[in-house]
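Next come the structures, one after another.
In what follows, chain A forms one complex with chain B and a second complex with chain C.
Let's look at the complex of A and B:
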């Protein structure tokens, strides 16, 4: 019974710690703005189907390229679809795919990095050279290859993005592990006879977790940009699903006389990326990691 | 008043807390530095001594600001000066020597160039004059072959030599005042004694005033004319060195001096309870009230002022310093060690142990053997009896920690056997040891900041060994943890704290508790007190001794501090370059005859007593590698006989009082030489 109380206390402790971090993040203007934008986008992604004034795939040739008006706030596109509807719904797929992609990247990149850092020696050498080799491949070409071979379904996109954005995390996790590994508490755990798994789980992860999380948040915004680039090239989501990358791609030829159909998705995409970036920076600062001195490798 | 170089008036420096309260780190400090005088500022970490020293240069650390008061250099307030004017004073009039010279020298510039830089900035000499000056300076700080030294890089020098270069650079601008912030703290005992002697003679020759900041009363005693004792940001005692050290009338200074282990005394030093209050938590009363043994009711409510005691020429901040004498305390007394009943049973036996750091060749890797003709540690034969404390002593590079790691199974031995309990051989590879052997040998590390996982609570830290070795969980685990905390005199409420919320001494107590959690037979202590403040050190030593008396644990204690070793150990083994020089009962090792190296070490110990001066017998050269053959100490030995010492491994000689000395010189001659 006492134990139950204790573990509950621990949970409460973790919860209050997270709350504390959020409070610190929101106490600075940049962190507050970042968090605000991010929360706004997430809410929009969840609620947009209920908020959208029109059907996102309703084509109407009579309403082609209407300028913004009180009826169509952001105007209409070349097929007469409401740009406002498509813009507020355009982040849904991108956010979902990249969120899960980042989680995968975090998981495999973080674990592999920690493992390499701990084990060292030959295994570390070999693994890191392979990672280096992958880093030297232009990711967008490789992605195009994978997508054209396997298709553009979510089951392909998430792991593929997760893989390509995890390589960088391997390096960060490995470097963070190296900082910890020389400390006496690891030596002490070794001398006690703990196994590698136990050392990773109990001693290393609590100390590198923050650095990896911040790196993961940063990768998320890059992945978002990457995914939108894929859509822009026609390899991401397929029409008529509303997506910012796709919308920019479709409307870019009309930019000179129907600027509204390009600007709305651009603002959507860039504000989300800025929001994530600001949040990640505030997150790092709240955890006491200075990104200005520790640039991502 | 003419000869006052710097005067500090009512200086308070502090910071604003998150709540907006003003918190002072320095409180109302007033003092004068006279020309040609060496002032020692002593205090434990957090007492504000470094903040004071930096303020003397007109520098206030980021986040801090001057609350009130001034720091006058020749009637101009440094703390209000523009940075351009300060540049003219810093380095030229007031110079600073930092703690770690290795980090303050630019690694990719030659020594000569760096001194030249200081010279061209602070003097108007031309190129050739500067070059002459460089060799003159290098000569002055007694660096070997000053002409070639100028063309070396910092990493090619030893720690002591780097510190000398830093001194030379500071002297380049011919300053009136030299500030030294813990200049010898990271150095070896013998090097430390040499550097201090150098500083002393420079102060005398050049009539430079010096402010020497240190936590080490031993070092302060050697250099200072006047001593300022700081506590919680205040000056609590100030006066001539002799009267402070011989007649410390403030209870804090008294306790501090009492808690320093001394060579002349066996037994553990007395410890002071409690710890220094944090800035911001200091109440209206005397800041030492909580720890004071002679405190009265009035000390709680009123803060005493500095009072001048004319017969001792000392300023003291205490209401009833006169009572201190009434209690008839004596500094020269120590806690008696209860001798734990020693069993004759050996618990650990090292025979012919050699350890090599050399990289294995491929062929050797395949055959899984280590071949190195001149290993780092060689021929170590030590028997450890159950229940005793054996100390391994030596300077850095003597292989003492290396041996410890091998016993713990963290480092493979090249040759030799480690036998544990009933002559059972222990593998030097951790993976081949069973869990019971792992449990039986535990380690305590030097720095508790590094040995405790910063992201674990004390509860998590202590539960690791309990879960691993005894599979405890739930209520039982909790009970055991509380028991352990009680053993190291910590309350139950420490369980939920993180290491960063603990003081240095508390952290080390947790580390001790973790080692004892495994119910070990042997505890390996690797410099366990050297990262701690003096008063805390005494407390930890006493704790270790008490635990040993209760539980009969065997300690293998590694330290570079001979006085600490004297206080805690039953037997001492002296190591040089990974070879044993001398081994024997602790009281005998500290008597003559002793190995020439032991003599050098003993001579270099700094005692907080102005009458005991260190004896500098040998040069403080640092040898990188042990010699291929002959005596390990041949390179530095002041008593070297000749070819015999260079070619033949010296024999073990047993002294009359039971200590074994490895030297070619007959013990009789050795004793005669050492006593004269």
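Let's look at the complex of A and C:
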């Protein structure tokens, strides 16, 4: 009973801590704007199928490239589809894929980094050399190769993005582990006879968690950028699924007279990426981590 | 000191060796090889075997790796599948064009980033800092293809100042290329400058808060003399490494920018060779881009070694 009460109290503490972090984030204007944009986009992604005035894949040749009007707020595209409908639905795939991709990146990158930092020695050397080698292959080349050979389904994109954006987290997690590893409480845990697993779970993770989470939040915005670039190049979402990257690349050829069909997805994608970035920055500041001197690797 | 440099170069070569293994194994494990993609539906029986024989795919993978690596070390990447010409001939003009683009962006970007970074740091949280920092955040976060598309829309289509899309053959002379590269250079330099300016800013702020600068202020060293003599040398040293990493990271973005502007450089070759499943060219590109990344980092590390007197004495004591 006592134990039960204790774990409940611990849970309450976690919630109040999360709430406090959010409060600190929202107390600064940039953090507030970032959170606001992010929440707006998440709500839009969930609700847009119910809000959309038209069918996103309904092609109508008689309505090609209509200028914005009261009927079609953002005009229509080269196939006569409603740009407003496609714009508000354009973030759904990208948000879902990159969110789960970041989770995978966080998990494997974080755990491998902690493991390498703790074990050290020969294994650490070998793993870090391999991570370095993967870092030096441009992400776009690797992603394009995988996607062109395995297809663009979600089952391929999520693990592939998760893998390629996780290798940078390995370094951060490893460095954070090195910072704690020499502290007294690790030494005393060893002296109490705890094994590696117990030390990782009870001593290291609580201390490196913040650094890894901040890194993961940052990776999310880069992954979104990378995924949209893939879509833009025709290697991401397959048509007719509405996606901002794909919409921009389709509308680009006709933008000299139908600029509305390229502006709308540009605003959608840019605002989401800026929103995630501002949120990640505010998150880092709320947890007391300075990222400003780091390279975007 | 010498030992440190040799060790660093040695590590660079090991990284490249692993990269070559990864690309070779990667293109090997993934389903579909050069022959099945090249022949498409006719990939069976005698035609498939003849193709295997012609491309030398009938010998075991490790033997192929060894002969391939042997040739690559001598600077020979073999033949491309689609064009049926030596990859070296395909790569040559592309590398030159991309180098023109990248060096123009770096020549504009680095001084601009220094100036902006120093201004924002010295007037921290004042009006110049707030304006410039807001603009850098926008330039930094917006994807390359969006800023490039907007540049084309505004400068080339609405204002009609410059050509929006590069329509030149791959092997143009430098002066024919010049008017075409202005927009791509702006697109790349914008993102690069934003990243670097932010780093210079935080580096300068850190140094300004240090004890020896406080001491210099108390001692009454004139402000600008202090900035140029004490702050900048100390602030720019740690920035070198970060700038190198940033430039290397932007290689991926250069690919996208080249596609948007239809620029005949390495980036467009990446997309073309992947669309054509031209695996030998993809392998060559992976090695080349990885070598660029490794050498940029190497140069940055060596510069830091040279410029930092503390590292020299550290090595002697050891």
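One rule holds in what follows: the second predicted complex is superposed on the first by the 292 of 297 C-alpha atoms of A that agree within 3 Å, B and C clash if a C-alpha of one lies under 4 Å from a C-alpha of the other, contacts with A are read in each partner's own complex, and residues count from 1 in each chain.
The rule we apply is simple: contacts are C-beta pairs under 8 Å (C-beta built on N, C-alpha and C of every residue); 3 or more make two chains touch, one makes a residue touch a chain.
Treat the numbers as computed from the prediction; the structure is a model and nothing was measured.
In the superposition on chain A, A:206 makes contact with chain B only, while chain C stays out of contact range. Looking at the superposition, the partner that touches the larger set of chain A residues, chain B or chain C, turns out to be C. In the superposed model, A:221 makes contact with chain C only, not with chain B. Look at A:187: by the touch rule set out above, it reaches chain B but stays clear of chain C.
Of the two partner chains placed by superposition, A:197 touches none, neither chain B nor chain C. In the three-chain superposition model, chain A touches chain B and chain C at no common residue.
Within the complex, the chain C residues that touch chain A are 11, 14-16, 18-19, 22-23, 26-27, 30-32, 137-138, 140-146, 149-150, 152-153, 157, 195, 198-199, 201-203, 206, 238, 241-242, 245-246, 248-249, 251-253, 255-256, 259-260, 270-271, 274-275, 277, 282, 285-286, 289-290, 293-294. Those residues of chain A that touch chain B in the shared complex are 2-3, 6, 13, 183-185, 187-194, 202-203, 206-207, 209. By the touch criterion stated above, chain B contacts chain A in their complex at residues 408-410, 430, 433, 435, 438-439, 441-443, 445-447, 450-456, 460, 464-465, 468-469, 474-475, 478, 496, 514, 518.
Chain A makes touch with chain C in their complex at residues 129-130, 132-142, 144-146, 148-150, 221, 225-226, 228-229, 232-233, 245, 248-249, 252, 255-256, 259, 262, 266, 269-270, 273-274, 277-278, 290, 292-297.
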